[in-house]
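What follows is a pair of complexes built around chain A, which joins chain B in one and chain C in the other.
So, the complex of A and B:
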């Protein structure tokens, strides 16, 4: 486009769309692809711990669980048992050792226990508390996280010792500061940042299960999955009560973390980069809608085998058909970064912090010191079951176990029925732990309108649904989004084939910019998928007891991704596409077969055990892998059209470079 | 139970999009071989839009308003993609899809009864 000449709106928008989409397009593809997988990050983490695959969730041996807790943590201030859910069939045990912060309010306690701040972590935490200073802005960021705060201190501290130089320093530093914020809030100081942290923590801090909470330390530094190898957390087979030792894995949390803060750099930098990319995405979507001439007329239109026309159709179809999803996911992505991108809004609206709710959660229950036996839990669970009917029980927490003033708290699963209420609206029931008398529960107040709107977006973005159907729909829409970005990137090259050929005739080589985009396209699209496939393979081929194997999984991911860049550079455009697409197709389609060979369940085994999340993983991997094969085949069989009007230079036919 | 609602939403959405595509000039030619009169196409358009809006009801009933709208949009996207692919590769089979979807609507309604 010439800027020195008058131009129309559509022309300008078209320019904007092209370049805003291209500049960060590969990053956006990576964000879309890993983010789409993150809808199933619990399932992915579970898949990556084949030791847990045979857990039988149909019966729960609660007595055995209590015995283990009494044996492992007789002096704990609270015990928590996380019940099997459709997204995690194991039984999780965790506890809080005395002297650890006893978070007040059931929600907080349960969360804390589940997060399992480790014993090694305590020194780091103490020092962090003493060192109360932290820069502004960090608070807004800490506020975002809520949940991983404590975990982070645990992970960071432990890692620093264990891991030496591997970027641990800055991370520990950050987590220490954040922990400081958490502490000041805990001490009840009406401090802006701390209080904000609490508020936000309630709103979005809780993750569906332990795996979610461990993400911070885990994914960035690697770290194990929900396998109980960090902090006091034990995973049991619900039916037998046998202890399951899941391997250390970066799991789905690595992909999840990567999709919004990348890897290997300061977390704030990663978030800023992703935030800016999201903004570009938003610009590209809006300008794309303006550029697109006939949204309704071309709604169902796809004209295959017509070169550029077909690519445009595919790009339009993948964009328009799930346009509401693209808009919502991009906008809510920005909302999730809101406090970081626009920190002043929060600070000016709440100069002294939103501390009301923070204070509300401060009623700790001190133990009496007298011993008393625990009430029989089965009738209490029956009451909860009856009260909640369809939603079932998420977890059970015993505060001051074995004490006369013990309390039993039973909570619903996190994923709620309504997006409006946010995830902190999982209801709970409280009982006296000795007599079994029901106790009053202070339920969270209903969200304000602004909170409700924010909740809806955030819950949608995070796929927080009780039912798997909407999550699968989001997953499909996410694939649509990845296709939208990919087709757009490929189209940039296709639209410029003519210029490229002209340039090749004149100077004998592809223009630099064009070649750059070609290489980035192959490595950014096919290469990323190859790296994701390799990541899952690494999970199974790296010895299960190797120290820091989670880091090796991540290293394999980046090694393969880097190698795909070199490969794309060395091979010609079309060959590179074929080889990498086929490679990714093979790696991903073979996962259901790799699983039983390396300790997991075969597809038939999963079906007969009713392990729904493994069935879903296997079928999705098979389907995605085969689609990639199909794409590779399509590229291989592609013959570029020769226009009758302009004869193509002969060598173009010999070495066709245009892909399709 | 919930499955019946999911299927009902899907059937209604497919039905609606089939009808909508039959109301569009390009696709009507693909499906019928010739262009139907414009009054007929207008009727298809009305039927299509009504079916799409109706699909929102079971979604909200089964999932509540917030999740329901999300599910509705998601299923619309899936079924629109399906109809677009059929129109590309098997335009004639749209008649069949239309009937199947209608049967699906009736069946799932009975199931839910």
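So, the complex of A and C:
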């Protein structure tokens, strides 16, 4: 393709597609792969803390939680309790020490705690002892209010109840009837729309990013701070109130952070690099759409075992299958970085600068200094429960605990918000912390059209709205995106095999550029998967009490990734693919077996305890690992078609290659 | 697309220079145009302020995309450059008119 000669639009776009996709392709694959895993960031973090696997979220010992807070942080300006959710069955306690700023940072942190709190499941206090009447998780409130609760006959029933907690947020709909007919809508309502939230709690807890504009501050959850300065946090087994000490790990947050700001460099650098890669991706996707004008037909076309054509078909299928997802995820990725990549918009709209901190600062409530007992929280939770009906309670915050001017704030699960309303729309209720009288809350105004549009993009990107089924669909679409990038990269080599062979015949060497792409392909695709597998293994094999073990996990990730590059350099292209794919397949497929051997739950254990997120992790790992084995086997059995240049017998030349 | 010989220059005929100039125009020119467009759209009084920023950013990314495609799709370098300069002049004028008056 030469730009100095007449050419068609599709030829130009084909060139643009090829090169804009290739230049940062391996980075894009890493972003897609780690970003896809980030849809299950909480689940991954939970898996990586086997100490928490046996947490029983089916009832909540709220009194015990308050006792612990009073013991640990008697002088705190604020306590937060995050309720268990389908995405994290533990109870989280956090607080703010008096010294911490109450301004923007404080607010932000508080926001973080709240979001960390946003969970779906209701707290259920054990109102009556004994096994028979023990309220199941979702039905806890019902029990307290004297509503009937399903009585489970024996362990089997109990398990069913627990699993019900994962499968549907129906809150015992079948049996726990409410008086009002209005309540009936609750029945059968799928659970966990909000499940996505708590993942952001920690990021939100960081100091606001100075460079972040409004959108960024909202969506990225602030930068700066580096994750080291999150407030104290205690994790409890909801049922027993026992403190669970999870091993120190970055967990899924490492993968999440890596996918938009990389690692080991200034985070603004990382974000710029990812932002630039995203702009390339945007160009590559749209130019690719222009190239493939028969996009619908292409989708139904797969010609296996036909060399380059099959790769082209695979590339088309993986791209077209989730094309809307690819476009949305790329465009929304740009929007998330919008204020950073296009700072001029903010500058021209607010030439004097806009004080984000002031905007976010909450009217602080100073304590009175007089002690007063805290109101009984149970009726307040019941009111919230009554008010929000199906959406449920995400978190509970007590401002100035123990003071006469204390305030109890109960928030909806963040993700309960609709796609258009964005995450700022989770409602909250405020009560006087001594008398229990409701206080006025200023609710955010409904979003404008523009906000709604941008919310839709951002919510889709971050999966906030997603209950389990859409979340898995997003995950699958993400895998489709990773496959799209990977097949595109591989195809670059395959499309140039003939030139490579010619060059080899003439000079005896693979052309430098071709070899470079080959090595990067193996290390960037198979090597990354190998490194992710090794990251999970490191999580279990590094002693749980080793100092800075979280850093060692990340070091193992990068060491293995680097080693895969060396390996790809030393081995020939095909051997390197086979060995690294098989290695990654082994590491990942073996995770469900490694899990019980190193302190976690076995797959059967997770099933019997109803720990749905562990079941999901283990099964997905098994499936992905086996697919990688399959890929390795396909590469091993692959016999390249005999090329015309190799003096093939005449019948092979029935379809002569087009000449250069 | 036929090349109009009247507007062909030396750079057009040299494949390396041709492609290099297009790449430079696509990377820096399109990004610059997007920056300018974002500034103009955000300063213009299309919608209220916080929304204007949001909308400007969304539209500017589309502007960036279209200009990259334009730079590679056009027959000649002159046309490619004009495709960046004309909208740049338009948004520059818009920005100049919108800012000093303080209307927004």
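Rule of thumb we're sticking to: the second predicted complex is superposed on the first by the 500 of 660 C-alpha atoms of A that agree within 3 Å, B and C clash if a C-alpha of one lies under 4 Å from a C-alpha of the other, contacts with A are read in each partner's own complex, and residues count from 1 in each chain.
Assume a residue touches a chain if its C-beta (ideal position, glycine included) is under 8 Å from a C-beta of that chain, and two chains touch if they have at least 3 such contacts.
All values reported here derive from a predicted model rather than from experimental measurement.
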item	value
Three-chain arrangement built on chain A, chain B and chain C clash or fit	fit
Chain B versus chain C as contact partner of A:263, first or second or both or neither	neither
Superposed model, chain A: greater residue contact from chain B or chain C	C
Which superposed partner A:7 touches (first chain B, second chain C, both, neither)	second
Contacts of A:334 with chain B and chain C, given as first, second, both or neither	second
Touching partner for A:476 - first (chain B), second (chain C), both, neither	first
Chain B versus chain C as contact partner of A:629, first or second or both or neither	neither
Partner chain(s) touched by A:586 [first = chain B, second = chain C, both, neither]	neither
Superposed arrangement (fit on chain A Cα atoms) - minimum chain B/chain C Cα distance in Å	18
Contact residues common to both interfaces of chain A (with chain B and with chain C)	none
Parts of chain B lying in touch with chain A, wherever the complex brings them together	2, 6, 17, 20-21, 24, 26-27, 63-67, 70-71, 73-75, 77-78, 80-81, 83-85, 87-88
Interface residues, chain A side, partner chain B - complex	297, 299-304, 317, 321-322, 324-325, 417-420, 456, 459-460, 465, 467, 469-470, 473-474, 476-477, 480
Chain A partner contacts - residues on chain C that touch it in the complex	1-3, 12-15, 18-19, 22, 31, 34-36, 38-43, 47-58, 60-61, 64-65, 68-69, 72-73, 75, 95, 98-99, 104
Chain C partner contacts - residues on chain A that touch it in the complex	2-4, 6-9, 12-13, 15-16, 213-215, 279, 282-283, 286-287, 290, 331, 334-335, 338-339, 342-351, 448-451, 453-454
